[in-house]
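Look for chain A in each of the two complexes below; its partner is chain B in the first and chain C in the second.
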Partner chain A sequence: MGLDRRSFISLVAGGVAGSLFTPVIWKTLDDVSIWTQNWPWIPRLQYGEELTFPALCKLGSDAYGVKVKTVGGRPVTAEGNPDHPLSLGGICPLGAASVHLLYSPSRVKNPKLKDGSSFKDITWAEAEELLAGKIREAGSNVAMISGDETGSVTDVLSGLVGKAGSDKSFFMPGESAPAAAALAMLGGDGQVGYDIENANYVLLLGADALGSWGNVARNGKAFSASREKGVKFVYVGPAQNGTSAVADSWVPCNTGTEPVLALGIAAVIAGTSRDRSSWPGFASFAKFVQTAYPLDKVAEITGVKAAVITGLAQELVRAGRPLVLTAAEAGQGLGAFELAAGMSLNMLLQRVNAVGGVRILPWAPKVVEAAADRKTMFANDLVAYLSSVADGGAEAPALLMVYGANPAYALPNLTKAQAAMDKAGFVVSFSSFMDETAAMADLIMPDSYAFERLDDAYSPYGSGQPNYTVVAPVIKPVFDTRPAGDVLLVVAAKAELDLGFESFEDVVKAKAEALGADFDEMVEGAAWVSEEFPAQDLALWTTPLQELAVAAKDGKSLALAPVQRLKIGSAKIAIPPFNTNAIRFDEMLGNDMYVLLNAATAKNLGLKKDDAVKIASSGGECKARVRIFEGVMNDTVVAPLGLGHTAWDAFSRDKGDNVYKLLAADTEAESGLSRFATVRVTVSKA
Partner chain B sequence: MAKCKSCVVLPFLVGLVASIVLGWWGFPKVLYSQKTQPIRFDHVVHVEDQAMACEDCHAFRDDGSYAGMPTNANCVGCHEDVQGEDPDEARYVAEYVQQEKEVEWLGYQKQPDNVYFSHIAHKELDCTSCHPDVANMSTPPVYYENRLSGYSKDTMKMWQCEECHAQSGASNACFVCHK
Partner chain C sequence: MQAKEFKVKWGMLVDLDKCTGCGACTVACRAENNLPPEADAANKLRTNDWMNIYELSNEKPFPDHEVAYLPRPCMQCGHPSCSTVCPVVATLKDEEGGIVSQVYPRCIGCRYCMAACPYHARYFNWFDPIWPEGMEKVLTPYASARPRGVVEKCTFCHHRFMAAKEQARMNGEDPTELAEDAYIPACAEICPTGAIKFGNLKNPEHEVSKLAASKYAFRLLEKLGTDPQVYYYSKREWVRKLGDNYLKNAKGGEHV
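Take a look at the complex of A and B:
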């Protein structure tokens, strides 16, 4: 019997009918539907034991404790650490994104040596030998830049430079340096802190305390607690921001003139009937402020009405435990005189070394003998040094070492800073990421990331009390990186420069011991906090009294108000990939960033919403689009710092423009510090 | 006509039977690949000889969710060095403990990531209600991996969860399992 056409069709029909009584079709359909949801890029849950470890976040300008949650040994998220004095359970936008940066595409995965216009991979042994050789060759012609004011790695690096015979140890700009210089002008010595938690009236002169200034997490917790206690927060600044949005009131004030307002308020307070004649320096100070800063003049410079100035002065006098906090909107750029103006106001209110006032913290103990102490480093001005090198006024260093900082991106006088770095004989970057400085360095010795290394932090600027934190690694290095502290000690030994320590852990132990802290308890998560504040013998502005420099209005240019928004990064970190969704369409559209103008200013310039503009200063130019926002003073342009990277990764590169290019610095004669908080720019259609 | 009828019915029956046989017997063999655990773990030795409880190695998180397979951290307390004469133990120590590498155990009941399952909520049930009775096995059962979906053959399907919830009066609302 052959299989004819009819039989074949019957056979197939039987097969199809039979398949309906098997799982073949139904199971296949079900599995296919599951398979369509199994794409490899769909995030997978990590299984395993859940643990939390204390860790440090140093991605912004401060340092504070976080808790890193691990699942199966792998960090998955960072949370505020309720046990840490600078967190109290809070966290900043960079801290929240910190775990994801472990796996950022920008991580430098192994040591690299410049090879023409690119890099070639080298071993750690080769990198250490090379750097040791460069140190021996350079002799005393070495310099260092650190972006970490709180950690002991800076001490090791500075010790290496000091042992080589150089005093060129620099910090990136911030407000610690002018604050320390301001305190010195008043006869004090120490690190400036602010006891925000215990104040009952907080006047924030420019300080974006809830957005980017100082210990942001702690500030937020203090503000939150203040709501029930009836504490008043007043924000003074040129534009509405995260702080003004929730403060009890916002006093619009011309950019960078908040210190002038402080002296105007001081003039009003000095004129009250209270007898202060016995206070050191009061007589000349009162005479100066009342002569140089009469209400109408202050009102004209600051744009704040005389009645408002008087009202602020009266509120401060009546408050009981007022605190005045002076800062630049961008957390840097004020001169020492300007910070001393705000400090004088606290002195006039008798709020120095008082509960709820300005607290003077002792300097961190020095354990690396050859290192420059913090006070000396704060007095060394990086911007002035690099500008001088670029202009030929100072010799370029044969060896420049950069740790935890990105000077090729985040400095005022940026063109000169980059030119100075180009002139340096050999540049070494200790960076976890391929930032602009690493990209131009001759040698990259990748530092292990925050959660991969032992690290410490002593009293970040703004801390209300002396504090010290030590954290152990949460995870082994994900890539072939090593902690910079240990690498530097190995290199120092190879270069036959004895820093007195064999491991970085020994340095941290010595610092803990010097403070009277228990190292073993600290690595388990216990923060060390002290209530000891060195006594100060202050006098009201003991240095020559002089008027503050204010950029002259010319009718053509606008005041530039640079702002930090931590969600888009900091001077150290570009936009964390995790945070890109937090950037609003009216902050960035495509690759164009927005700057803010009010409608009147825009009209004067012939600009309207979304217009492409060119912003220019004596320092450089930027491109942006215009956003009309009525929460900005007249003749002021608000521009975000932290965009316009040329290195990093696809999440940051070429997004917006680098506003640091606009920051032209001048040097304050008395302190020698660079100031760049009152830059004027022109804004024109691009 | 008779000849014509048989040349239709017979092939139909042959096709029907062949299809059913292939569907029930052959199809699973094609659909599932067979895998064995990377190391033969003898549960009997641990449960009966060492009197260990399931919870000693298979811990849950505080919220009762799955905490993953035991890691070397669970094992090195006893197996930092080779204890007995089992070649699999020697291999485990040499290839995993000494090289600080975790064993990629195959989980018979691992649910998709979009399913939240709390063991605490099901603690009244015997482990063997859902899991193979490995406590009485010296050699773990063969792991059947679905070639299409990638999941274990023993992964519980949604209808099984729903059926049990319905029978026991527990809610079958979406958010009970899909958080």
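Take a look at the complex of A and C:
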């Protein structure tokens, strides 16, 4: 055809005005539009019966119920599940993209064995034999890492490790572990939850509760409902985020010093006339906070004005049903003392095990005998262990099994973590995706994806009440993958380690039974919820009180505020293909991510908008560009976690840089847990 | 041009005091309407985002700075600028409900409508819709995949409207009297904070009609007289003020 598209368009545009009134042109135009719309492949829509199935989404730090819509048996979209206590019909941007991940270009389609610098395909039988052999060889020198705090697969894996005689069962870092340790410091025992729904004043110390922290979907619903009830939300943190955008106010506070603010507020409250002398631990606590945290000192450390601190204290006291929620901006990295600081404020306000306050949930029942229980696992510190392996302080495991986690990408002290994994004799990854850990593993036993397997979740961290969810597969595995829970039981049997269960379904049934839940009803979609909270005998700090360690300002370095934005992924998942469009142009330029500085800070450093910079800490270095954003504290740089993948696919690989490299951890003396919420960095022109 | 009046006028109201800018609506919209994944979508020059989220700033320095997030679907204008300039009448507002339609097979890709739309709500398909291998299996049956070379936009998930009408007819109900929850677009349904409300602006029972009448409600660029069916809501005065010149202040979406 002699007419190209451009000249055709100008022809039509020029001639059309006069001809619109004749009907002839319509037919012609419809025909011509067919050849202007030249494309090689037209996806045919397929129709069929529409159904919805309850399913679980564990892509963020949370685990909540979704509904997967299927058409003719094909899952097409995911929606919130109005019947699930942690969804209430809401969903996060990862849940919204969850169905497409079934066919992500990063799916591992069959078992793979490392072969030089690449992988070769092997059969499931070969993979299972191989792993069973490795288990027998390794003896008790095995370790496991799980990224799933809520599911029973973790129990099976930990059971296998326990049966082999090892206590090296670890979780990826999060806030469950320091929260449990914090509760123990106050004499309590259990899982910490927050009854946001029934609070009438919510003070969010660092917690990006509506963006990435805790049960995001549920938090969103609770926030939405409380708007109508006039509940006040106050966000305290170093930078504005999704939560602060809708909160009633934002109180800028230096990165990671929110717990100091909590103790400062506590000091003000303790100094009020109300008689609390009969409360266990009050006298020494009051004395401690009033001496260690006088207003001017707290104002100096946190950057929050003294008047604002007393104002917050007064509002909390007046509120009636206030709730204080302490967390790191990125949902990890705070120490136990720091979380205990926020918790003690709730205690001072008499908000523990109260409606609209902090709730203490019972631990999940233990059904796999040889497994470490949650409390023990939370006390095992992965960052410290891997750092010690890297430094030669601890023996490298002969066999390291990783499930539902990506430690080669998402750990603080990352270089050491990677070095430790390199030192491990044999690394097995149970992952649905070719993530960084799978890419460096010796054996990949691809786990079936969320909607292809039976799965369960007991009370994700932050849940306001005990809850348990069981979901059946929505579809058969689309590739040659198998659910890790079943694979582990087969391998255990082959290695002659009896875990007491033949199938993963039996494990879940046992857990449901232990909870008094009905398995059959649950797989149909009913969630189990309980209102039983173990009684607690709390005292205001039973461990020695000590001042919180705060990274010292040196006038040269900046405080790093790492943040999570679920739309770009989490510690577990890279940017899903459908989510790249949710990245704004001021969040990424080409493949460069933006870090945020306010104008004053940028000026001090001689930096302008879009400048390429190098950010360095004692942990490592990152590259980025500068965006001037006035919603950031002075001398603070905000950087997004979740970018800079080296594995995965075109939708996430090489986009931005991995901010985990900057997270250098230290060890909290009393609890032995790693903390990395207050890292200092230098920012210089690249 | 005189706007056509409809008995039913579907409207959306986005409460900017509830939107956290999370992006769930953007993702849900893509999934529902079969927009293909785009690897380099941070570069907005050639992207296709029916539902785009802008970051608004009060432009004050730290610590007085504030942000708000503004999700932007097609405004389904009462006086659409796009349809008046379309040489082939591929876009029209002529159906009960007042949704501006876009007839893809008729679109010749001249992009006059894009130039005319003051909201940047229309997108040109620069590329063939390519799904990673196998991912085409998640295509919904609701919206045919559009070819390269046409302009497309948000339709208030028109297919859900059709399905709701169909359902009403099957139940022997009046399809012009749909209940508030009978027809909800994907973005409104998925929003975790319930920031997006949807309903018939002409039905006093529907929440949108009440909220749209509030003094805190506003529409974008009202002075242009496009009469949008998308309302925004904010108790923050600076946010409302930006409504009339948001292009100057918006951060994001400098697409062509």
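The working rule: the second predicted complex is superposed on the first by the 642 of 686 C-alpha atoms of A that agree within 3 Å, B and C clash if a C-alpha of one lies under 4 Å from a C-alpha of the other, contacts with A are read in each partner's own complex, and residues count from 1 in each chain.
Keep this in mind: contacts are C-beta pairs under 8 Å (C-beta built on N, C-alpha and C of every residue); 3 or more make two chains touch, one makes a residue touch a chain.
Please read these numbers as outputs of a predicted model, since none were measured by experiment.
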Touching partner for A:252 - first (chain B), second (chain C), both, neither: second
First, second, both or neither for A:99, with chain B first and chain C second: second
Which of chain B and chain C A:45 touches, first, second, both or neither: both
Touching partner for A:242 - first (chain B), second (chain C), both, neither: second
Winner by number of chain A residues touched, once chain B and chain C are compared: C
Set intersection of chain A contacts, chain C complex versus chain B complex: 8, 12-13, 16-17, 32, 34, 37-38, 43, 45, 47-48, 71
For the chain B and chain A complex, residues of the former touching the latter: 4, 7-20, 22-24, 27, 31, 59, 61-62, 66-69, 71, 112-113, 146, 148-151
Of chain A, residues touching chain C in the complex: 5, 8-9, 12-13, 16-17, 20, 29-30, 32-34, 36-43, 45-48, 71, 74-80, 90-93, 95-97, 99-100, 102-105, 210-211, 216-217, 220-221, 223-224, 227, 240, 242-246, 250, 252, 478, 566-567, 576-590, 598-600, 629-634, 649-651, 655
In the complex, chain C residues that touch chain A: 17-24, 26-28, 30-32, 34-35, 37-44, 47-49, 53-55, 57, 59-63, 65-69, 87-89, 104-110, 112, 128-141, 144-145, 147-150, 186, 189-195, 251-254
Interface residues, chain A side, partner chain B - complex: 1, 3-4, 6-8, 10-19, 21-24, 27-28, 31-32, 34-35, 37-38, 43-45, 47-50, 71-73
